[in-house]
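Chain naming follows the written order as A, B, C, D, E, F, G and H, and within any one chain the residues start at number 1.
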Amino acid sequence: MAKVMMKGNEAMALAALKAGCKAFFGYPITPQSELPEYLAKHMPKYGGVFLQAESEVAAINMVYGASGAGVRVMTSSSSPGIALKQEGISYMAGAELPAVIINVMRGGPGLGGIQPSQADYKQITRGGGNGDYYVIAYAPEDLQETVNVIKEAFDVADLYSNPVMIAVDGLIGQMMEPVDVDMEVSKRELPEKTWATTGTQGKRPPVNINSLYLDPLNLEKHALKLAEKYRLIKENEQRYELVNMDGAELVIVAFGTMARIVRSAIELLSEEGIKVGLLRPITIWPFPEKAFNEIPDSVKGILSCELSTGQMIDDVKIANNGRLPVGFFGRTGGMLPEPEEIVSAVKAMLGGLKHE
Amino acid sequence: MAKVMMKGNEAMALAALKAGCKAFFGYPITPQSELPEYLAKHMPKYGGVFLQAESEVAAINMVYGASGAGVRVMTSSSSPGIALKQEGISYMAGAELPAVIINVMRGGPGLGGIQPSQADYKQITRGGGNGDYYVIAYAPEDLQETVNVIKEAFDVADLYSNPVMIAVDGLIGQMMEPVDVDMEVSKRELPEKTWATTGTQGKRPPVNINSLYLDPLNLEKHALKLAEKYRLIKENEQRYELVNMDGAELVIVAFGTMARIVRSAIELLSEEGIKVGLLRPITIWPFPEKAFNEIPDSVKGILSCELSTGQMIDDVKIANNGRLPVGFFGRTGGMLPEPEEIVSAVKAMLGGLKHE
Amino acid sequence: MAKGKITVDIDRCKGCGLCIEACPYDLLELTPDFVNKKGYQPMRIHTPEECIGCANCAMMCPDVCITVERL
Amino acid sequence: MAKGKITVDIDRCKGCGLCIEACPYDLLELTPDFVNKKGYQPMRIHTPEECIGCANCAMMCPDVCITVERL
Amino acid sequence: MINEKIICAGFGGQGVMLMGQLLAYAANEHNLNTLWYPSYGPETRGGTANCSVTISEMKVNSPVISQADTVFVMNLPSLAKFEGKVKPSGRILINSSLVDKKTERTDINAYYIPANEIALKLGNPRVANMVMIGAYLGLTKLFEKETIIKLLKKSFGEEKAHLIPINDAALQAGIDYIEENYPQ
Amino acid sequence: MINEKIICAGFGGQGVMLMGQLLAYAANEHNLNTLWYPSYGPETRGGTANCSVTISEMKVNSPVISQADTVFVMNLPSLAKFEGKVKPSGRILINSSLVDKKTERTDINAYYIPANEIALKLGNPRVANMVMIGAYLGLTKLFEKETIIKLLKKSFGEEKAHLIPINDAALQAGIDYIEENYPQ
Amino acid sequence: MSKIVFQRTKGLTEKEFSYCPGCTHGIIHRLVAEVLEELNILDKAIGISPVGCAVMNYEFFNCDMQQAAHGRAPAVATGIKRVRPDNIVFTYQGDGDLASIGTAEIVHAAHRSENITVIFINNAVYGMTGGQMAPTTLVGQKTTTSPFGRDARLCGEPIRMSELLATIPGATYVERVSVHDPANVRKAKRAVKKAFEIQMKGLGFAFVEFISTCPVNWGKTPQEALNWAKEHMINYYPLGVFREPKEDAQ
Amino acid sequence: MSKIVFQRTKGLTEKEFSYCPGCTHGIIHRLVAEVLEELNILDKAIGISPVGCAVMNYEFFNCDMQQAAHGRAPAVATGIKRVRPDNIVFTYQGDGDLASIGTAEIVHAAHRSENITVIFINNAVYGMTGGQMAPTTLVGQKTTTSPFGRDARLCGEPIRMSELLATIPGATYVERVSVHDPANVRKAKRAVKKAFEIQMKGLGFAFVEFISTCPVNWGKTPQEALNWAKEHMINYYPLGVFREPKEDAQ
């Protein structure tokens, strides 16, 4: 298929339709509004439901209902809107309901700004809701990957019966790139949704969708069941890309838009004869800890590059477990660095390491 | 002063009154409801405002307003209620507004249960709202410490103009212990709240309370200002207790109710001749990384003990930075372990370490 | 002569007494000297022969433990 | 003879034209061949001597850039 | 050295929370360390309620009582639920008016007190809990009856002051019952 | 090797977004890699708008254009904001109808095109942006005018098909203007 | 020959209610369950449990159920009904749930005229959490968070949800009923039935408000509570139909 | 001798409005600012900025301001007014802010009869985010999320906030006004003045709904937008007083 030029937000919407998403509930917010707008226009053709909810809180609870009824469902928002969805996401994780949630991140905290950011890393990966739960989170770097990952995400959500988040920034939402929305992606074998509330139809006993376990022993059992699921996900779903690792002096860890800028920086550095690798998490939860085993001995340090004041760096430190010095470079609030800034940061870190 | 027997929730309410809290906005939720109930009764005598809000979302935004108007203000809730406050907390951090927020944690995720838990550790310490921000979080272990910490918390909130969270579990909320609510606590020198919206009174130009910075460069500046504040807090406000460290073979990291159970376990262990230390975070953000420097060389491993499936362990790993093996023991969903379970976990870990 | 008959699910009854007030002929009472396994004194009919089977008692029973027959 | 006089803050004006419609005597227009620094053609009064100072224009100006005097 | 761990269990309306609270208050009066902890939430509605009290000369660490020195069993479901919590050679005080079973454990000291009957005889079945506390005082001599009375006065206030005599009588009846039936 | 980085800047209503999009679409038609990225949000309302386009035979990495090969300046504020972004010996295309200043930079190639006047002469001032695109095609020969026309037809649809001729004329006028005034 | 004139409906499971003795939640459950059975829609019903005393009613209703976050039942119901328009969807919500934290969700379900049925239990108090003030608490009524009695100056006068929702064009059917005596119970059931029939006809949002009791938190015996509901609640919350579909208007 | 009959009020700062040309947000700002000046309460006023096109109006009103989260302005105002009862507190909110995400907060501010003034800007659309459907969007009106025109079957009929709030006992004063011509602008100002006077007298919740325009997202010139407001909006949203304090009733 020839690639077509699409805006990120629209490509994400179309990817969801292609993945069989049959319902969308959302609330407008910049910089993701083209996503619901696209679905408002095109969902009817796909025989699905588009509904603008009265708020993000309502939207996520509509998603809860539709998912509980066994249907593929999505919502999207941006940073403060995701904050409002935290209770609902926690409920969905508790009730083991699948859904795809798109966060087109902007600067924060609070109302912040509307320019691209990755400052929701912790909000996304640590579960801003209450209790022991995680959401699977993909952080693609370009539109093709975004589209592919969204199509897989619906399967992954169904497979694990857990919400899946797509963490992109405003730039990915707003930009256009050539994209093939019909590219094949790997499909999972999915169990039937026998737990869904479809009405008994007189054929089975009633089912219920629920996250309440008043007896602490039962709640613990449930939490341990979830924990086991999360362990499985950590084992099977870590995804990452390693670039330019052979003989690298330094490894940069970066995802999404930042990873693209880092790629340019790496080219500039290689022109100067400095070999720098890129460890690019595609899943940020589970964080690709496995990738750190593949960091070669030539590497003298790790630089976490983020569009925030430093959030993923915690995961980098945990994965690194004291092996290498860990540095940080970031821009935040909607500022995007130029590759040259990263070049300087790399040089500074390498210089510092030599002095040690 | 003689100590009086008080229920945790009521002692927390009284501590706030003693700290000069002049407004409370909250919404009922088990297991913290006695806190607002106490204030409903006693706030009028202290000349303050008690108001039951229509929701947690409204409550935190009332707190925003009252704090922005320069008044000492508090709210309290429990796990899912805190999830709903995340947007508001992010706004307060963004607008640099002080307040004390009490989370009497219960089991999750979702509606979960109502029994004691520490499974909101990440929700609290990682900022479940959007953007680059943190809340200072105290996790006291008994009522005296809880009361003291709350009284200090109002000062700390004002000093840094940042929300402060008190993270206790349902047990601390529900239990009674003798407590002296008038015990002296250290006071901070506080700047005047010249930023507060009090009306100009014709004496100064208008002020505004705000977290919006549409220009990304300004938002970045603001985020960096906040980051510098957080650095200062990390430097100055880490608080912890070290117990039984001399010659310890193993160190347990535990806070709150879990720390108390660990204390009992340590006694049982010492009866068997096994020396185990306790590193007890009193602040969970900033996490007391400094304390890890004080772990003696006799220690062969660290055991993170939590009332969750394992959340603080991330911070333990970061602080430990690969130095010692890190193990985990937890009960969750409202289950409280018996000290003997911890004794077994310690023995298992020590056994495992010897085998290595 | 009785025109109606009620049966009470004694273990379900919580002894709230709402049926007692509802009976137009005042035929019901809480069983003295007996508590069910939940610890409540269940309702019983003291004059069954006067029951007209109007089901007012059942209408008011929050625990749905009364069955009413018309004879 | 003019009974009124208006002054326009040309830099503030966004050329929306609401004042033009509001003027009962149709005295206002957008300045042809001139754009202000924001890129808008600001309003001007073409027949100042007929202004009665009714302030209808000012009532409708969303950018509050008209001052009205009565002479 | 005093280090008493107590569980009080029964129906919601039997005043088991107050039993525990009074013991904890009394401990505080004597400058002992103490911690009282209730079961809470909707489970207490209608169903069983219980609370734990630790009274100690040492600092109270774990609030969880896995091995109780004393368990009060005020109704039948509580027997099954809590008899296993009594530590070997600990004591169980059973309200035999409502509990028609005996404990199956032989390694503990069991006391059967017909608390409701005694209370009924005194004219108010609601003071059964005070009969049990009296029995406990009789057995342990941990606190004086007067301490409990003083605390009750405080907690009742003016409004319920008239209830003091019957509570006093109930406490005394509990003490007496132990003296007569379980002479030490 | 093609590796063009372009910034289009002007007022919201001048069609600068479309300018960038057409270039990006054209690149995709030619199977080149490309990325288009707009400024967005309320800032674009009334104020200035801009977009960035990268067109490359290589994979497009950083979407951020720090050093542009070409900058289109459609209004005065954009000159100040973007002239610094042109890379040395890059080009700046200035809509001299609305921009009465010249660039202060001497290390770049400046082209002054009275786009609004040309468009007005063609009968529709709104096609000034197409005049500029035409000029760009004339300068770079990157794409054929026909490619742009084809893409315009697609994006206009039936409804606005009648606008094709004027757009075509505007593109051609731009090409001609360059040929006449900046012969290569 | 005897004829059973009243027996436990198949709309309820065998599970014993978790409600306090004499709490009218139980009566209302029975009415809803009977209507589901009588309209023969148990096998396509999907109910939404609130957060409140009725939180576990997924164990009581003999049909598919979803437990919703506090106040969000109408949003959950919307999610379900939109993707399963052929099912019968209802929420069961307390006054804290519906009239306080869930105000936006109920107003907008009505605004969109979601084709769902809402059963609203107004017991003038937060039952489950131990008797705090609700937006529906009467002036002067003592609760744990209005210990001196609700003060209208500080907390306003109680909100009347039926009247409020009736102003919304999408609110197809709005009725307030009570269960304080057998006659009213029978009347209430007719309202519930109508509310479900409206959904079956696809006519949109149907809402039945129940005046209910909370003997425990009102500090009254069950019968005293019924009397208080009759004397005080109904006084402020008049019973009746506030909106109905045109074809059904009497 | 000349006399200034109209000049820029001191209630506004010198900062230029960020609104699109011809957007009536500007007119409404002026009215509020003039009233603050005329009632001599600028120095004790505290305003709350919404999230919406007016998000930055803390730069325009010449008094203390707080910027609130989307929809939460009434809660923020409550927080302020409760701790500073002697100040004058007002919110300024759009229809997305107030009638959609902030429904619970406005209903409950009215319910409690918070002694605040609410200025509600109904422009039938989400302006700031680029023209999505609002709960107030008219049936048939095309927006970016109702691309085929608002369909009442799917989204309900538009919500009328003044009518809804007027059912709440605590809503002391509720009026709907328009600014589509000079006469209405003058009338609107009287409503704003009354809404602040009610607060000054401590009479409780005062609410003024403005029919406003969004020329950009309506795809109309400023004057066309005014005409559309007059012809279509006012038709569905009738102007007038829906509630007022007894003493003030005419």
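As a convention for this text, a residue touches a chain if its C-beta (ideal position, glycine included) is under 8 Å from a C-beta of that chain, and two chains touch if they have at least 3 such contacts.
Note that the structure is a prediction, hence the values are computed from the model and not measured.
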Q: Please state, in steps, how far chain F lies from chain C along the shortest route of touching chains.
A: 3
Q: Have a look at A-F versus C-G and report the one with more C-beta pairs in contact.
A: C-G
**Q.** Rounded Å distance, chain A centre to chain E centre (Cα mean)
**A.** 55
Q. Could you state the distance in Å from the CA-based centre of chain E to that of chain G?
A. 41
Q | Approximate Å spacing (C-alpha centroids) for the pair chain F, chain G | A | 62
Q.
Please output the residue numbers of chain C that touch at least 2 other chains, ranges allowed.
A. 14
Q. By residue number and range, which residues of chain F touch two or more other chains?
A. 41-42, 46
Q.
For chain A, give me the residues that contact two or more of the other chains.
A. 30, 51, 54-55, 57, 80, 87, 91, 95, 110-111, 114-115, 210-212, 214
(Q) If we count contacts the way the header does, which residues on chain B are in touch with chain G in the complex? (A) 27-30, 33, 36-37, 40-41, 50-52, 54-56, 80, 110-111
Q) Within the complex, which stretch of chain B touches chain E? A) 3-5, 30-31, 114-115, 170-171, 174-178, 257, 260-261, 263-265, 267, 336-340
Q.
Quick check on the complex: what are the chain A residues that touch chain B?
A. 57, 79-80, 82-84, 86-87, 90-95, 105, 107-115, 117, 119-120, 122-123, 126-133, 210-224, 226-227, 308-311, 314, 317-318, 320-323, 331-335
Q | Residue ranges of chain E touching chain B (in the complex, touch as defined) | A | 21, 24-25, 28, 33-38, 40-42, 60-64, 66
Q) Inside the complex, what are the residues of chain D that reach chain H? A) 4-5, 9, 12, 14-18, 21-22, 40, 53, 55-56, 58-71
